[in-house]
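In the two complexes that follow, chain A is the common piece, with chain B as its partner first and chain C second.
Our next item is the complex of A and B:
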C-alpha cells in the first residue's frame, strides 16, 4: 500500500510540474521568439517560423539586424529620450508625491481631508478620458525659458514629464505606508524642535525604502511604456521616445528581422532589470492590492 | 509641502477633466481661426442619436406586395427617408445600424454615428469577456503558484514577465504570431492538425480580430492580477486551513468556504481594476488593426483619439471622453453596489 501511494505522489508531482511548465511556455514563447529572431536574417526568420527552429538560435546568427535598425531610425536618440523622460519623471514624482503624502499624514492643515479625498477621487478618472483636452491645454501653456515666455508645450521634453509627476496612485501608496510608521518618532522630533521639512528628510525618508522602491517601479513601468500621449505630443523626431520610434519600422514590406532587433533592444534591458529585481517588482504590484 | 503635487494634479488632471466637460458643449478644434462657440448638446446628439423605423413593403396599385429581383418584398429606399426628408426630420443624416424582419416589412435601428455605436458595442464585448476571464485565469494561476513546490518562484517570475513588457511591443510581436502566411499560430495549428485546419488571417478577418486582441491582452496582463490574488491568498490565516483539514474538508469545500470568503475584498479590487483598464483599450488597436477590418475592432478610446487628435476635432474627442467617463463611473458604481458587504 505504502508503495502505491508513494508512486502516486511522485506521479502527481510530475503532472504538477508538467502543467507549470506548459503554462510557462505559453507566457515565454513570444519573448524567446523575439530575441532569437532578432539574430536571424529576415528570410531565415520567416522560414524558421514553420518549425521549432523559430525558438532556437540556429543557422545564420549575427547582430546585423541591430546595425540595420540603427541605420533605419535614430534609435540611440529614442533610447536617450525615453531614459531622460522616464528618469526625470520618476525622481520628481518620488520627491513631490512623498512630500505631499507626508503633509497629508502628519501635518494638520485646513482643507487637508478634502484635498486628499479629491486626489484619491482622481484614481477613477482613466488617463484616456483626459488625454484629448490635455492635448489642447498643453498646446497653449506658457513656459519661461532662456528666450523669455513661449507659448505651447508640444514637441518638448516637459510635455512628456510635467503632467505625470504627481498622480493619485503614488500619493496613495505613500500615505498608506506613512500611516503605519510609528507616530511617536515624529512627535519626539517635533518636541525637539525639528522643522517639518527636517522630519521629512531625516526621519521619514530614511525609513521609506520599501515604498520608494514600489512607487519607483510602478512609475517606471508606466512612463517607459507610454504610447498614447507621446504619439500625440511629439510630431518632431527630436523628442520621440522608444515606443513611438516603433512607427519607423511599420513599412509596407516589414523587415521583421529589424523589427525584432528593435523590440529586443527596448525590451531586454527592462526584462533583465525585472528578473534581477524580481521580488521587488512583484512585491510592488502586490502592495497596490493589499489594502484595496 | 503638499502644494506642488496638488498644483500639478489640479492643472494636469482636474482641469483637463472639467475642460473635457466644457468642450463637449462647444465646437472647439485644436487649431482654428474662429473662436469656439457654444453648441449645447449637439455633440452628444451627433454621437448618440438613435432612431427606430419600421418600413412596410411597397405595394402596387392593386395592393399586392412588390417583389424585387430576388423575389423578396421590396422596401422603400431607406436613403430617401434619412436624407433631407421633410416628413422625417428626426432621422435626417442617420444610417442603418442593424435591422430585422418584422411582419411583412423590416424594422431598422438607425444611428447618427454608426461607427461610434460599433465602438461602444465592441468596448463592452471586450470588457465583458476580459473582466471575468482574466480575473478567473489570474485566480487559477495564483492558486497554482501558491503551492509549496521547489522552484515555484521561477514559475511565478515567468508568468509575470509579460506585464513588464510594453503593450505596444506585445502587440507588434503578436501581429507576427497571428499573421496569415508566416504566423506562428497558423504554423502550429496546421502542424498539429496535419494541415486540416485552414490558415486564418486572425487580425484581417472581422469575426476573429477582436477575439485575437482579447486573447493577447489577457496574455499580457493576467500576471498582474495573479500577483494581486496571490497577495490576497497570503493574508488568509493558515489556522483556517488547518481547521478545515481537521474537519476533513474536500479541496472544493476548502476553496468554497475558506479561500473564497477570504478573498472577497481582493475579488472586488481585481474586478474593478480590470474593468477600468479594459475600458481604456487603445494601444493594441492602434498597433494591430486601426479599428478594422470593417470596424470590427473600433473602440471608444480609439475613436476619441482618431477624432480629437487625428481630425483635430477636440470637441468630438472630448465628448467621447465624457461619455467614456460616465460609462466607467456608472459601471464601477454598479459593481460596488452588487459586491457591497451584505449586512
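Our next item is the complex of A and C:
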C-alpha cells in the first residue's frame, strides 16, 4: 500500500511539473521569438519563421538591428520619456492613493462611504469613454511656468502624468490592505499623541510593503503601456513615449528585425521591474484576495 | 496627576444604547477597576475616556477639565491594549520611545526616559529586539513601557493580562500593582477577572448592561453587595442563592425560612421586604461549615474538589437545589453521603424579590 501511494505521489509530481513546464513554455515562446529574431537580419527572420529555428539563435547573428533601430528613431528619448512619465506617476500615485485610502479607512468623516463608493464606481468606466472629454479639458488647462501663465497642457509631460496619478483601483488596493491592519495599532498611536499624518507616515506606511509593491507594478504596467492617450496629446516627438515610438518602425520600409530589437529594448525594463518586486507582489495579491 | 469625573456619560450606536448614564468619581492617584461580564460596556467606557469613542451625552473631566471633544493625544492619557498593540516594524527601544519621538523629544531625553522605563520593568536586555522576538509577557512589558515614558496623568489598561497564561498573569498582576505604588498615577483597569479586580483595585466599579451596579472598595463590595448581581459576580466560588419566604420583618431584621432551611434571622443591608413575601438568601461558600448535628441545611454530596487549601463540596439539598460549600483545608467527604451545614447569619445576605 505504502509503495503504491508513494509511486502515485511521484507520478503526480511528474505530471504537475510537466503541465507547469508546458504553460511556462507557451508564455515564454513569444519572448524568446522576439529576442532571437532581434538578432537576425530581416530576410533570415522571415525564412526561419516557419520552423523551430525561429526560437534558436542560429545563422547570421548580430546586434545590427539594434544599431539600425537607434538610427531610425530616437529610441533613447522614447525610453527616457516613458521611464520619466511612468516613474513620476508611480511615485505620485502611491503617495496620493495611499493617503486617500488612509483617510477612507481610518478617519471618520461625513460622506466617507459615499465618496469611496463613487471612487470605486469609476473602476467600471473604460478610459476610452472619457478620453475625448479629457482631451478637451487638458487642452484648456492653465499652467504657471517660467514664462507666466500658459493655456493648454498638450505636448508636455504633465498631460501624460497628472490625469493618471489618482485612480480607483490603486485606492481600492490600499483600502483593502489597510482594513486588515490591526486597528489597535492605529489607536495606540493616536493615544500616544500621533497626528493622522504621523500615523500614516510612521505606522501605516512602514507596514505596507506588500501593497506598495502590488500597486507599483500595476501602475507601472498601465503607464508604461500607454498608447492611446499619448498619441492624442503629444504631437511633438520630444514628449512621446515608447509605445508611440513603435509607429516609427511601421512607416516606409518595414524592417522586422529592427521592430524586434526595439521591442526587446522596451520590454526589458518591464521584466526587470517585475522580477525585482515579484515576491512582494505575489504576497500582496495573496493577502488582499485580489486576483491579478 | 489628575482625578477623573464621569457625569451622566452615555454612548449610543444608532438606536442601540450601550452606556446608559454612568456617574463615577475617580480620585487623583486612585487605582480603579471596571469589572463586569462580556458586553457590559466596560471597554467602551474606557475607550470613551481614552478618546477613541465619541461621547453621546454627559461630561468627562480629567484633572478638572472637560475633555469630551479633545482628541486622545490632548487628554494626557496612556493606554495599554489587550493585544499589546506594539508596532511590529520598530525595535523595542523605538516602540517605548514612540510617544516621545512624536512629541519631538531630544535624543538624550529619549535615551534617559527609555532607560528609566526599562529599569522599572526589568527589560533592559530586550531594548534592541524586534517585537516578533518577544514572548507575550515581554510584549506586555513593552506596551506598559511605552505608556510610562510619557509620564501621563492617567493610565488606562484594557484587559492587559487576558492573553497571558495563568502563571504569567499573576506575575504581571503583582507588577502592575507595584507600578501603581511606584508611580502614584491614576489608573483605570478593565477586566472581567474578579481576582484582578479584587487584588489591584482601590475602588471597583461593577458594570452590567451599560449601567453601574455598585462602586466601592473591594472588601466593601464583597461584604456589602448592593444587589443580587454584584453579590453573585464577586467571590469565587460564586455566592449561593436560596429562594426563601419572609416570615417576619422587624426593621432591618428579616426572619426567613424555606423547606430545607430552619427559620433564621438575617440583618438586611438593603430594604424592600414585606412579610409573607419572597426573597433570595445569599450564602458565600466560604462561610458554610460542616456540623455533626444541629445543622441549618442538609444535603447529599454530589461532588468534591480537593484543592489543598480548601475543599469545594457540591451538595444537592433536600429540595433538589444545588449548594456549593468551600470548606477550610483538605478534607475528605465521601460522595453520596449526607452533610449538615451551618452558617454565620451575620455573614449572610438577603435581597428582596
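Annotations for the structure displayed:
Note that the second predicted complex is superposed on the first by the 243 of 292 C-alpha atoms of A that agree within 3 Å, B and C clash if a C-alpha of one lies under 4 Å from a C-alpha of the other, contacts with A are read in each partner's own complex, and residues count from 1 in each chain.
We take it that contacts are C-beta pairs under 8 Å (C-beta built on N, C-alpha and C of every residue); 3 or more make two chains touch, one makes a residue touch a chain.
Nothing here was measured: the structure is a model prediction, and the numbers come from that model.
In the superposed pair of complexes, A:128 makes contact with chain B only, with no contact to chain C. Touch criterion not met for A:258: it reaches neither chain B nor chain C.
In the superposition on chain A, A:198 makes contact with chain C only, not with chain B. Looking at the shared chain after the overlay, A:48 reaches neither chain B nor chain C. Taken together, the chain C residues at the contact with chain A in this complex read 50-52, 71-73, 77-79, 81-83, 85-89, 98-99, 101-103, 143, 146, 150, 156.
In the complex of the two chains, the chain A residues touching chain B come out as 13, 16-17, 19-20, 23-24, 26-31, 33-34, 46, 49-51, 54, 96-97, 99-100, 102-104, 107, 112, 115, 118-119, 122, 124-137, 139, 162-168, 171, 196-197, 200, 221, 224-225, 227-228, 231-232, 243, 246, 256, 259, 263, 266-267, 270-271, 274-275, 278, 281-282, 285-290, 292.
Put simply, chain B touches chain A in their complex at residues 1-2, 4-6, 8-9, 11-17, 19-20, 23, 28, 30, 141, 144, 147, 149, 152-153, 155-170, 172-174, 176-177, 182-184, 187, 219, 223-224, 227-228, 230-232, 235, 265-266, 268-270, 276, 279-280, 282-283, 286-287, 301, 304-305, 308-309, 314, 317-318, 320-322, 324-325, 328-329, 332.
Looking at the complex, you find that chain A touches chain C at residues 182, 184-185, 187-195, 198, 202-203, 206-207.
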